[in-house]
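Have a look at these structures, which come just after this line.
Shared between the two complexes below is subunit A, which has subunit B as its partner in the first and subunit C in the second.
And now, the complex of A and B:
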């Protein structure tokens, strides 16, 4: 039983004098012997103290991470709200038809690079996988474009061949429109698509993030749809100024729409990531605090128990001498 | 009758109010838009957008984008836009000089195109500050 206790307590139990008479060693040594002799009635104060120290460190670190995320969130939130207005005119002009059925779907998943941000990356990946199932069919096979390390790590496991392009370290410098438009350009050049589905977490509030899918159709699809009538049929009411053909204008329009929607998606996801990190670190530091309370109680109990035993020994020794 | 003009960029909304008339430059020339214009959708070039409001003309340097006009509602989406009062003339001139220097130093087709675009952008900003309002 002593050996089991030794193994359980873990490190630094090379006390050879475990079973000899208690000497004037450190109290911790006595406690160690105690635990070796009596099993796991009392945990050594040394161990509890070490555990308390590490839990306290964790609490400090997570609290600091929460404050960092909170301060970053403020700046990003302003920019996100400012960028929300820019994709609405596109919807007003081109309509929004998420249920459109096309052959070549490309799913663009926006995720974060760093971890410790709650469940947002898992939700994004879940939605992407669900979309993949929805759009798979006899002749059509959707492809992935992944932004961010965490999404890549999760999707590479089972959909490795379907990933066309993956980008990381998007957030190294504060996101700006030029960078995102270059990225959008890259994607448009390298990927054939009839419809692009951008999956990201929309930032509703610090505690609420909604996984969203934004659909962007390719110019050919839009032309087909507008000829077929429906919500996109109003497009023909507009005269095209400037000596370009309708398809050129549509191409420009969809490219611009894609880069605007990407910009908004990246910003919203960044906001959601910071908000999720804030709440994750907050609950983590609260947890650490509770653990610390429990450990403090255990520590005090152990300390008092060892004092009591020492007193008992002294007193019984003294009374043995007298009597 | 007035037009409701909305100028948006990915970073923020530049303008959102009623105006009497606007002049914007497309790649086939400048077009003026008065109330009750026919609905059009057009690409906007890197150039000046002039807005008339209360008898006064205001200038906005617009770096390309799209314009949609219908039912007296104008929506202009730009890659970037600056109101002329927000541009610092000295800084705009310096940017122009840097852009010109870059153009003469550009090697290869791609760099030439990029520095050309940068030059046009810088020139637009300088013009926005220098335009005489009448």
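And now, the complex of A and C:
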């Protein structure tokens, strides 16, 4: 760049150097033209400085969000791992049956309210839509129950008619079992179902979230399947204690199972959301740092180039006066 | 937009006791599920009792199991996988909870000597895979003793005392309702909503609660109030007899 400046100055020597004022005017006119013609030098340092300030702010904000997510994750992770035992007795009793064919499927999608959490909500919605296709058939059409704003935003676009219920602001207060069981009660009351499929992201580690689907069958379906044999065939061997009839006990059982599974699903999804947000904010602040480095280099180049230009003008002016 | 995210994310601290203020109404009128017994239970137990130290929860049943473990019904899973592949070949199929659980042993031919007990609450796994001699559970039909080799049973629980007998040690808990599954392979799973060791219950609060709810039962008008008051009376009298008996 310095060589180009010298070449330009060389050209200027050929101009008539009669009196100082017109030459100074000519010189400044020429240097203005030059600054418009050549790229980086024409960006004034002010613009670069503004960009640097905003990128630095972004970096600070994303770093702060990462810290907040990390501190919340610690608390939620403990509770999630403690709650992992609560659905296991039900699976031990009833088995796991994602492929039991029923007429009325309800897909309960658990998603987050806030964004900036990576791809977990998109994964949940993709899995829910695929499950919808798996369970649709000639006479059966699944329905959706959505927890969380982000899932609702994505599903409303093409499955608006199939959404039965949507819940938001679940995470406003720290999740506890009473709140979730009230929610489960609401869902059970308003929705007719033969099978509930709860879709959520299971938290394995900060970088690994596994989409999982838990199935809860309605009491009538359980009775039908246990009579038909198959995975639930052993259910008949169990004696029932308490309650007047078997169906009453089964009704309570499914309700309890649903609230326990929902509690675990909501906690796991909250954990996954915080972990995904942590890693998203981490990569974003790293990106901002790199961008800041590049901008700093450009800023320094611009600054030095303008200093060099000034020096060259002074020196060439001085040597023109001498020579 | 980012500023608002930061200001709203300053909340959210670890809270262990169930929220009491948000349940002005209860819709479990005719049902035998004492789901809000846990709320009454927490009121009766001492202040420090509600806080369990999460570090001490031995959740061995927590999943560190690889998905290569044999599942109980592989036939069903493969039908699901096939249907999935037809419908959405590009997306990985979701996992099912069975892959995250240790499989249970088959029914042994002879009656085993010990009963393996899993006692889980939503907030922690109180006992996991512990081998004991006997458990006595408060089923709705009365106290039920479970020994190894007990016939497979699904039992609904009412608020009462559950005791775990291991040799000469007896650990007693007061459980709010829940379910108990006894499997043919001498595994007992007890799922309860809330459980406290007996020594953490404050007797004076129990008496006060009992008096309160008996009075409410007398003055109740609607079915909902009557049901709530009845449940309160049941729980507190069970607590009373647990402390005295």
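What we mean here is this: the second predicted complex is superposed on the first by the 280 of 323 C-alpha atoms of A that agree within 3 Å, B and C clash if a C-alpha of one lies under 4 Å from a C-alpha of the other, contacts with A are read in each partner's own complex, and residues count from 1 in each chain.
As a working rule, contacts are C-beta pairs under 8 Å (C-beta built on N, C-alpha and C of every residue); 3 or more make two chains touch, one makes a residue touch a chain.
These numbers come from a predicted model, not from an experiment.
Annotation for the three-chain superposition on subunit A: subunit B and subunit C clash.
Judged by the touch definition given at the top, the superposed model places A:292 against neither subunit B nor subunit C.
By the touch criterion defined above, A:305 reaches neither subunit B nor subunit C. By the touch criterion stated above, A:89 is placed in contact with subunit B and with subunit C alike.
Residue contacts after overlaying the shared chain place A:249 against subunit B and subunit C alike.
After overlaying the two complexes on the shared chain, residue contacts for A:191 are found with neither subunit B nor subunit C. In the superposition on chain A, A:210 contacts subunit C only, with no contact to subunit B. By the touch criterion defined above, A:79 reaches both subunit B and subunit C. Partner contacting the larger number of subunit A residues, of subunit B and subunit C: C.
In the superposition on chain A, A:174 contacts subunit C only, with no contact to subunit B. According to the touch criterion, the shared surface of subunit A, contacted by subunit B in one complex and subunit C in the other, consists of residues 79, 82-83, 85-86, 89-90, 92-93, 176-177, 181, 237-243, 249, 252-253, 256, 259-260, 263. Note for the complex: subunit A touches subunit C at residues 58, 61, 64-65, 68, 72, 75, 78-79, 81-93, 95-100, 114, 116, 126-127, 130-131, 133-134, 171, 173-174, 176-179, 181-182, 185, 189, 199, 202, 210-215, 230-231, 234, 237-243, 248-249, 252-253, 255-256, 259-260, 263.
Residue ranges of subunit B in contact with subunit A, taken from their complex: 6, 8-13, 26-28, 31, 38-43, 65-66, 68, 70, 75, 77, 79-80.
For subunit A in complex with subunit B, the touching residues are 79, 82-83, 85-86, 89-90, 92-93, 176-177, 180-181, 235, 237-244, 249, 252-253, 256, 259-260, 263-264. Subunit C contributes residues 2-3, 5-6, 9-10, 12-19, 22-23, 27-28, 31-33, 35-36, 38-39, 54, 57, 59, 61-63, 71-73, 76-77, 79-80, 83-84, 87-88, 91-92, 94-98, 100-101, 104, 118, 120-125, 128, 139-141, 144, 151-158, 178-179, 181, 183-184, 187, 189-191, 193 to its touches with subunit A in the complex.
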